[in-house]
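In what follows, subunit A forms one complex with subunit B and a second complex with subunit C.
Our next item is the complex of A and B:
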């Protein structure tokens, strides 16, 4: 196990050492202490390593992650796991806005609450939030799944494409073209799998499913000739 | 961009080290606002019948003693004064409007940065660490303090355009964001008798709150009304003689984080501004909700 103390070393030193694991994994388990709200911690990883961050991290923590397993034992600022490709990012505390923005794959688990715009423009990631999420979440979400065990804020799934959204609690309002849909057996199975993968003990039957009504411009065959 | 920070003490435990605790908070927000900085500190309250003014003159060698003597003669009352770099704090045994009138007659170039019974505002163009050291921030004592590091977007980089803004007795405001209806609102407020020193949008927000408080609103009601009447992006931190408030607009794209312990409430644009506070590891840390205000008041 390798420990990097950010009170003694810079974020750049840490990220450089983590990036070197892409070519040669000298150490599979990394521990980061004293993150102190610094931005860009453990960004751009591309190796099968695990990184445990003890304390609160700043913006873009674990952004662009590939295959690595990053756990933050604290809160994170804006844009955690933004544009993640694969791997797992787990936040033990709360996340600020734009968690998992544009992420294309992997699993993001937030054990606390997530702020506004959680999963904005997500493109294939699975996001599981044990708490609640803020307004405009999953805006223009394209694919993947968003699971919320608490409540969702205003305008959930506005201009949604094909993300599967599951919410256990209340939804303050749905965004344009986002509607409630039936929970069919394949959805219950999918949700069960996501909850298990995230290690969250909830009953899939307690959730409602939301998705795209496919009524906006891009879904209309009449507009196909415009391209 | 801009950075905002605030520290409000819930008891007297850290009153003697308020400036020392706050200085690293302000300096840590340099990345968000390197062009000017300022802070409003509350403490050293004057008694009934007295007013406290913070004054600034563009001339570094301005003769404050002479001004104080002349002011004392003109008002026929006692004045205590204390100089801090190019700023002076006057404690005058009269009311605010008499003091303002007498001062305007004696020297119209003297700028009143703040007026009230407790507030002192110190602000300047330059790097936050230079401004903190210029005014000896780390040695200051008080009950609460609010600061700002500026990256100007809506008006020029000048001392006048830097924050905090104060438009009323013991009230101050710092702002991260931009208001879109400030011109029309400024005109309305001018007709209501609020005066403005700059073209800055944030000063309009301060003027708006002063107007509502003058109308008899409590701080909470004034903030409720502000949510309806102010259009644009904002995270505000507001100070009054006994109170401290944080408010975000409904879009909430300007960041904010709050931390609370038994001894203090701290606010910052980013968590990294809070890491030097005592007991922060075990503090309750959370992001304030959109279109919501948080108020703390000392009884």
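Our next item is the complex of A and C:
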């Protein structure tokens, strides 16, 4: 196990060392101490390694992650796992806004709450939030799944494309073109799998499903009031 | 106009409600949606034609054409990047997306740019292997939509351009209509085939210049600080935008004026938002100079560049390089008269075609139709683009030598005068024959 103390080394030093794992994995388990809210910790990883960050991280932690398994034992700032391609990012605490923004694959688990715009423009990632999420979450979400065990804020799924949204708690309001949909057997199976992957003990039958009404996919003048 | 109308001299067309205006009102009444089109602004705005060079006579000493060298190379992004970009000519190819353009057109742009030692740029929708393969220097656009955004491609790029705005539509997102969404385009963008695709007008994971500074640091971290980071803005509040872009850490700033083209957006956007390219440059240069960053953070200017005179004038006003989009497409064969019959079949004419969003481009450029695409030979089109780029450079050199300059970047505002009060005020050069710059002291 390799330990990098950010009180003694820079984020640049850390990222450089983690990037070098793509060519030559000398150590599969990395521990980062004293992150102290630094931005851009463990971004652009592309190796089958695990990185445990002990403390709070700033913006874009684990951004564009690919194949790595990153765990933050604390809270994270804006844009955690933004544009993640694959791998797993787990936040033990809370996440600020734009968690998993535009992420294209992999699994993002937030064990606390997430702020506004969680999963904004997500493009294939699966996001599981044990707590609640803020307003405008999944705005323009394209594909993947968003699971919320708590409540969702205003305008959930506004201008949604094909993301599957599952919410256990209340939804303050739905965004344009987002509607509640039937929970069919395939959705229960999908949700069960996601909860298991995320290590979250919840009953899929307690959730409601939301998705796109597909009325705004192409312009229709009759929908002008929705734009 | 019909013959009857022509033969009746008492008929007078309204300047306010001319035939084009009335046709648009009828179209709007019929469809209930604004006009969407491609190309750039068609209205006449103050442009580089309103400026003239002061060739050398007695008080300046000219250089000999073709005999005395005039440097055209420029290094972009040497502020922080380990590998700045060196261009042999100061004319680059602006970002245009695969999706909006055919794969053959993208390949041709790469071929043409590479032949003359300059860069080309991706666009909304990601990087294609053809484009990377044919472009010796490729700038990867990092756009609000993040369609096709991939860290592997990011690391393959020679520079990254964070796009905040576009001259044709500052504040607006993209519109790729469903008819152009083929299987390949849909797959690249993670969207169902055949539906309208809106590219977001703002980045999803940062909301202001302080956030942008952190985002730029993230991009640097991911690419190990190797490649330059550009910031592209549509020309509007250029002075402030440039200052904030420098503060956020940009290596290069791209300012795109209102004459810049686009694949598809609302006509009202193209014609009524932004400021002319010529007016934006002095604002950008002033901002850089006040920060002590002129020539340290390089300035690329785009939006309606057509010839070597435009190139030289941009550089005289303080740009380090220019980017071309629409002109590059014309060089490839966009709106070529040889397809006039086919343009007419779809209700347009060669030279007027701007319905790029329909995907029916007879020239095979702004289309995803495999049969139409075949009409554009990427090798031949690339050669045409290279020729055009050479002409732009030779013309700019000619003007620079006439002004006594052995480097295009030695051109300066003192080499210019303006033909109109408006252009003098915007470009901040004297009205021809006077020492008067409107808004400044004598």
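Quick notes on this structure:
Everything that follows uses one rule, which is that the second predicted complex is superposed on the first by the 217 of 227 C-alpha atoms of A that agree within 3 Å, B and C clash if a C-alpha of one lies under 4 Å from a C-alpha of the other, contacts with A are read in each partner's own complex, and residues count from 1 in each chain.
Simple rule for what comes next: contacts are C-beta pairs under 8 Å (C-beta built on N, C-alpha and C of every residue); 3 or more make two chains touch, one makes a residue touch a chain.
Predicted, not measured: the structure shown is a model, and the values here were computed from it.
Once subunit A is used to superpose the two complexes, subunit B occupies space next to subunit C without a clash. Between the C-alpha centres of subunit B and subunit C, as viewed from that of subunit A, the superposed structures give an angle of 80°, to the nearest 10. In the superposed model, C is the one of subunit B and subunit C that contacts more residues of subunit A.
In the superposition on chain A, contact of A:96 is made with subunit B only, not with subunit C.
By the touch criterion stated above, A:11 is placed in contact with subunit C alone, subunit B being left untouched.
Look at A:121: by the touch rule set out above, it reaches subunit C but stays clear of subunit B. Of the two partner chains placed by the overlay, neither subunit B nor subunit C lies in contact with A:137. Of the two partner chains, both subunit B and subunit C are touched by A:78.
Contacts of A:69 after superposition: neither subunit B nor subunit C is touched. Of all Cα pairs linking subunit B with subunit C in the superposition, the shortest spans 5 Å.
Common to the subunit B and subunit C interfaces on subunit A are residues 39, 58-59, 78. For subunit A in complex with subunit B, the touching residues are 36-39, 55-56, 58-59, 75, 77-78, 93-94, 96-97, 115-116, 134-135. The part of subunit B that touches subunit A in the complex is made up of residues 252-253, 255, 257, 270-275, 281, 285-287, 289-290. Listed in rising order, the residues of subunit C touching subunit A in the complex are 31-33, 145-146, 149-152, 154-155, 177-178, 189-192, 195-196, 198, 200, 204-206, 211, 214-215, 217-218, 221-225.
Subunit A makes touch with subunit C in their complex at residues 11-12, 15-16, 19, 39-40, 43-44, 46, 58-60, 63-64, 66, 78-79, 82-83, 85, 98, 101-102, 104, 117, 120-121, 123-124, 139-140, 142-143, 159, 161-162, 217-219, 221, 224.
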